[in-house]
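Look at the two complexes coming up: subunit A is in both, with subunit B in one and subunit C in the other.
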Partner chain A sequence: MKKLISLILALVMTLSIASLALAEKPIKIGVVYKQTGNPFFEAGVRGFEEAQKELGFEFIHNGPADSSNEGQIQIIEGYIQQEVDAIAISANDAAGVVSVLQTAMEKGIKVISWDSKVEAAGRNLNIDPSVAQNIGRVQVEEIAKQIGYEGQIAILSAGATMDNQNTWIRYMQEELEKPEYEKIELVTIVYGDDLTDKSYQEMQGLINSYPDLKGVVSPTTVGIAAAAVAIKDMGLSGKIKLTGLGLPSEMADALKDGTCEGMYLWNPIDLGYVAAYASVAMVKGEITGAAGESFEAGRLGTKEIMDAGDGGTFTLVGDPFRFTPENIDDWKDVY
Partner chain B sequence: MSQIKARDSRLKRFLRQRETGLVLVIIALIALVSLRNPNFSSLSNLQFILGDTSIMIVLALGMMCVLLVGSIDISISGIMALGAMTAGIVMKNNLVQPEAADALRTSTPLILLILISMGVGALCGAINGLLISYGKVLPIVATLGMQYIIYGTSHVISGGQAVYRKDMSEAFIQFTRGSFLGLNSKVWIMLAAFIILYLFITYTKAGRHLYAVGSNREAAQMSGIKPETATLNAHIIMGALAGLAGMMYASHDNKVTQDMAMGYEMYVIAACVIGGVSVTGGSGKILGVLLGALTIGVINNGLTMLRLTGNSEFWKKAIQGAVILIAVVTNVLISRGHRRRVLRERRI
Partner chain C sequence: MSANTKNGLKIPAWLKRREWLLVVLVVLTYLFFNSQAPSIYTFPKLLNQTRVYMVDVGFMAMGILLVLILGDIDISVASIAALSATVMSVTYNAGKGIPFGLSIILMLLVGAACGLVNGLLITKFKELFPMIITLATSTLYRGIAYIILKDQSAGSFPSWFARDLGYGSINILGLEFPIMLLCLLGFIPFYHVWLHHTVSGRYLFAVGTNLTASRYSGLKTDRIKLTAFVVNAMFAAVGGFFLTSRTGSVKYTIGTGFEMQAIAVAILGGASTSGGKGSVPGLLLALILLTALKNGLMLLYNDAFILNLAVGLLLILVVLIPNITSSLNARRNVRRQRMSLAKT
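And now, the complex of A and B:
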């Protein structure tokens, strides 16, 4: 009896291995994000899942706990060993991951950066959520309106090496040069490293260091959520204005109780969705990532690939959307 | 006449205490940062530092017990995450969410959630303790391995989803936000833990055994103390306190992530060392631990308040390490002087 069972088992195993070998190997994408436990990237992964249902690829996803560059390098090295077909990364340090990604590209792995780009030498294509200039501009317009075009403001950013935040901040500073903002003074930029605890402490430090502070712009979902908690804890809701890029699900409370009057974000699900479609198109050889090409991105239609001006190329997902106390209920359960 | 002399020597003894040296270090740090940013020494900021450091003090109390028996626990940040994640999932699943107002969210009673987290912590601590005392595994190796296992478990039970503010009951959010007599609730929790631990290590047999085992294991064994039991006890206490600290951390941040508090254990060990706890076991005072943690708290907040920006941002970590080293060295020098004086006095 035992012999019979073992014989059957052995047969089943042989057959299943044979069937695996016969089946076409599915495309495998390795997704790297800035950190684990960040709802923005949890939503991004949902975009990959949605595209997976339509395209039928495999994907694995991971990020370091501490939003570090080294952590991402380790994950990428692991993906190279697992022989993924494409890597889709939101980089903590645009330059820091270039050499390991070049190794990946030498092995035929396609590299797509999404959300936060990798330098041109280390990628085939970048998926930008929106035009960086617009993202910077809308946040300055928003905070200026909230504080009445006069007074001190500060920026609470993520990591000092993160490319997307730094680019937006550069555009914010350019925007602040305009005459209508001449009475607004940007007193400092502090970095919470996309850690809730550190962002909270930095926000508390800002409030205590600058008694005349009127407003804070936090172009990072972790930062703005932590800042809202800090402002509320210190009893300053409405007195210190807050805007930036926030997740509706995390900021619903703050928008309703007046800590934040308005904030922006694009849809991270769409971002992951387009990154997935671009990865698959590139692995299949339909696109190479050169300017002028285009690819189909499912429900979001055709996406054009353009010159990014940094030696590489990019494509756009959409425009930032303004969340207000009035419309937040429609979005807080979505992402 | 003799009375005056006695009082005089008591005052002198107070001034020569190791703890006095730490108080001076803390005051010097506050003064230095205040030179650049006067708001640093404002009452509200000092209260904030005390509240913020309370979590670290709770952990340092447990770490002191572990260090006293000559062990160490570097899995505590993992225990914080797993304890808070377990309680967080229970809270999320039992949430009654009236659509009308988020502030009215209720769930499992807060006290039960805290007990769940502390229970999970105590269990992890017990596993650590068993591995070290009966399994004879080197403490640093055992708890390093356990840290990975515990963080891994926290990832698995979370199903990849963190617990956010919208999943939390109002009672849990307010857990670290209440205040009584001008002090934050975190400070009161810390004081309660401090007093209980103080009574435990000063007046109970099991508490005294921690010192006995750590200072001379063989002698302790000869006098009928079981070193294994003492080690196990110390790790269970550490685990339970880490569970409590995890809940405080999560409530303060309005968030439980799978990797919560990673790296926090190093601050806690540093706090104990600054506070004069010997890493080889047997010596250390509970008041020293409190002051050691406060020193770290002042350094961390002080660096934020120094208003370093731009490139100097990258210097923060280096400065942090340097200040911790300076604090330790100063403290060692002071206590060496103290010991020498004690010896000299004994000769007379």
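And now, the complex of A and C:
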């Protein structure tokens, strides 16, 4: 009897171990963003969480405290060590993470960049929030309208090595060439590195260096929020116009007190959501990231993969949305 | 080794060294994290992570150690690394500038020049603390790097540098050793012999232990200090070189905060800010300990803040333990003497 019981027990144990080994390991995604504590990326992570409920994958997320390239490399190396199936990154330096991501791809890890892309050699696919040209154009249109199509403007960007910023600024400069903007002068571009204190100081510097400054465009959520505070602190609300890409939750006050009359942004939750769907589709082998392919992105429908013109491919999430003092209350609690 | 086992408690002198405490901590750290994440935190994988935590900081720490032995400090090493890496990347200019070999030499020269400035300021203006001087030059050097590069980054290095040195590894006895780790491990024996077993290396300890006595014994203390600062800065430049091979691009912010990591390694390894102390095996063990600890924490908590917190705690712990044990020993000796007095 004892022998029989022990035999059965041994059998059960081997079977359970075997079934454990056979059970499919869930897909694991490592998410890297530009810096911790940035509400934009917290919203992006909410998009991953939403997709997680629908697709059932695992994901971990992290970003350096100081927007540094080295910090992102450290995190990526940790993800490679943990053998994640895909890495979804918003890069601080488009060139600076290429080598480490190539090592990841050699180990079979899929690399998707979202929000701010990695150079083509270091990624399988890029998720762009919106057509870059539109993002550049709407901001120029907005600031031109606010300052009455005349006077000096400046751009307060994030980092000069962040590819999304550079692309938008390039399109802004192209847009400014048009005849209707001939009386507008872009005096300078300054960089706040997506750090609140540095952005604030750069904004103060702009105000001090250019006394005739009429408006500022800040195509970064950290920059525009810091600029709004700087303008308000110096008592210049309404005198120096401000627009750019801002988070509704951070900019609600500035929109209501007239520091900012209108600004744009897409939905960062959707951005994370599509990045998650793309990562899973790629790990499952449904897509390879080549132009012409497409994948299902849950509630956002089918997403086409297109040639990005930089040697890699990309897909689009949506269109920039205009936030105004009138509609801000509908959005400020969402993201 | 005359282990005195008369009362069972007496530990031989060679066992009391800081290095053994570090060895114990390394083993404990490894066993703890290995039990927490047995499939991820393994020796081969840890070996692969050494390039993230060990090599660039290691070279900077070797430089810092020289300055700490003298009883001085240099907090500009990370800025020196940034400036020399900047010069290297700008002169190479993605293949359109001078040959890469020349830009590496230029990088070392820039490092040496930075160290010379530090050393001259420190030896000529003795009333100023090295801490203050190097704090000032730290912002100066990084400021120059900013003037050169502005907010842009420079890169596109040859592939032997950005791929093979940065991410390549060599298989030795079935284990993948990162090439940059082998560079570090290959260099350390020479450094050890020089620092601990040659006259010029011992001079540093002499000057650090007693500056006045050294001067009266005929040592050119100022010249020794100046040389130490220059060599330290060149080590920093080499650290920046290895860091750049991993990043593949240089921005003026590169290596921010690495000076504190390097100082932490040297202090953990047995150096003291009051001078005269320091050991190369200790430094190597401290590097291994920090690699094992940081990588484990990164895996378990996935949070950079916890990393820094743990390093801080470890520093306090390792610096305090020898102090506590020596004060306990002193107290026990007093008690024993009292007892033997009471007997008579």
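Observations on the structure shown:
Please note the rule applied: the second predicted complex is superposed on the first by the 312 of 335 C-alpha atoms of A that agree within 3 Å, B and C clash if a C-alpha of one lies under 4 Å from a C-alpha of the other, contacts with A are read in each partner's own complex, and residues count from 1 in each chain.
Keep in mind that, in the parts below, a contact is a pair of C-beta atoms (placed from the backbone, for glycine too) under 8 Å apart; a residue touches a chain by one contact, two chains touch by 3 or more.
Here the structure is a predicted model, which means the values were calculated and not measured.
In this overlay on subunit A, subunit B clashes with subunit C. Of the two partner chains placed by the overlay, subunit B and subunit C both lie in contact with A:Tyr191.
Contacts of A:Ala160 after superposition on the shared chain: both subunit B and subunit C are touched. By the touch criterion defined above, A:Lys332 reaches subunit B but does not reach subunit C. After overlaying the two complexes on the shared chain, residue contacts for A:Gln204 are found with subunit B alone; subunit C is out of touch. Contact with subunit C, but none with subunit B, is seen for A:Ser68 once the two complexes are overlaid on the shared chain. Of the two partner chains placed by the overlay, only subunit C lies in contact with A:Glu83; subunit B stays clear of it.
After overlaying the two complexes on the shared chain, residue contacts for A:Leu236 are found with neither subunit B nor subunit C.
Legend: residue contacts after superposition of the two complexes on their common chain; A:Lys256 is shown touching subunit B, with no touch to subunit C. By the document's definition of touching, of the two partners only subunit B reaches A:Glu42; subunit C does not.
The superposed model built on chain A shows that, among 99-107, 135-143, 171-179 or 279-287, the segment of subunit C colliding with subunit B is 135-143.
Residues common to the contacts of subunit A with subunit B and with subunit C across the two structures: 36, 65-66, 160, 191.
In the complex of the two chains, the subunit C residues touching subunit A come out as 40, 45, 48-49, 51-52, 150-153, 155-156, 162-163, 166-167, 243, 246-249, 251, 253-257, 295, 298-299, 302-305.
Of all the residues in subunit A, the ones that touch subunit C in their complex are 36, 60-62, 64-66, 68-71, 73-75, 77-78, 81-83, 93, 95-96, 98-100, 102-103, 159-161, 191, 193. Contact residues on subunit B toward subunit A in their complex (touch as defined above): 37, 39-40, 42, 44-45, 48, 52, 102, 155, 160-162, 164-166, 177, 249, 252-255, 257-260, 262-263, 300-301, 304-305, 307, 309-310, 313-314. On subunit A, the positions that touch subunit B within their shared complex are 35-39, 42, 45, 65-66, 160, 188-191, 196-197, 200-202, 204-205, 208-209, 211, 225-226, 229, 233, 249-250, 252-253, 256, 332.
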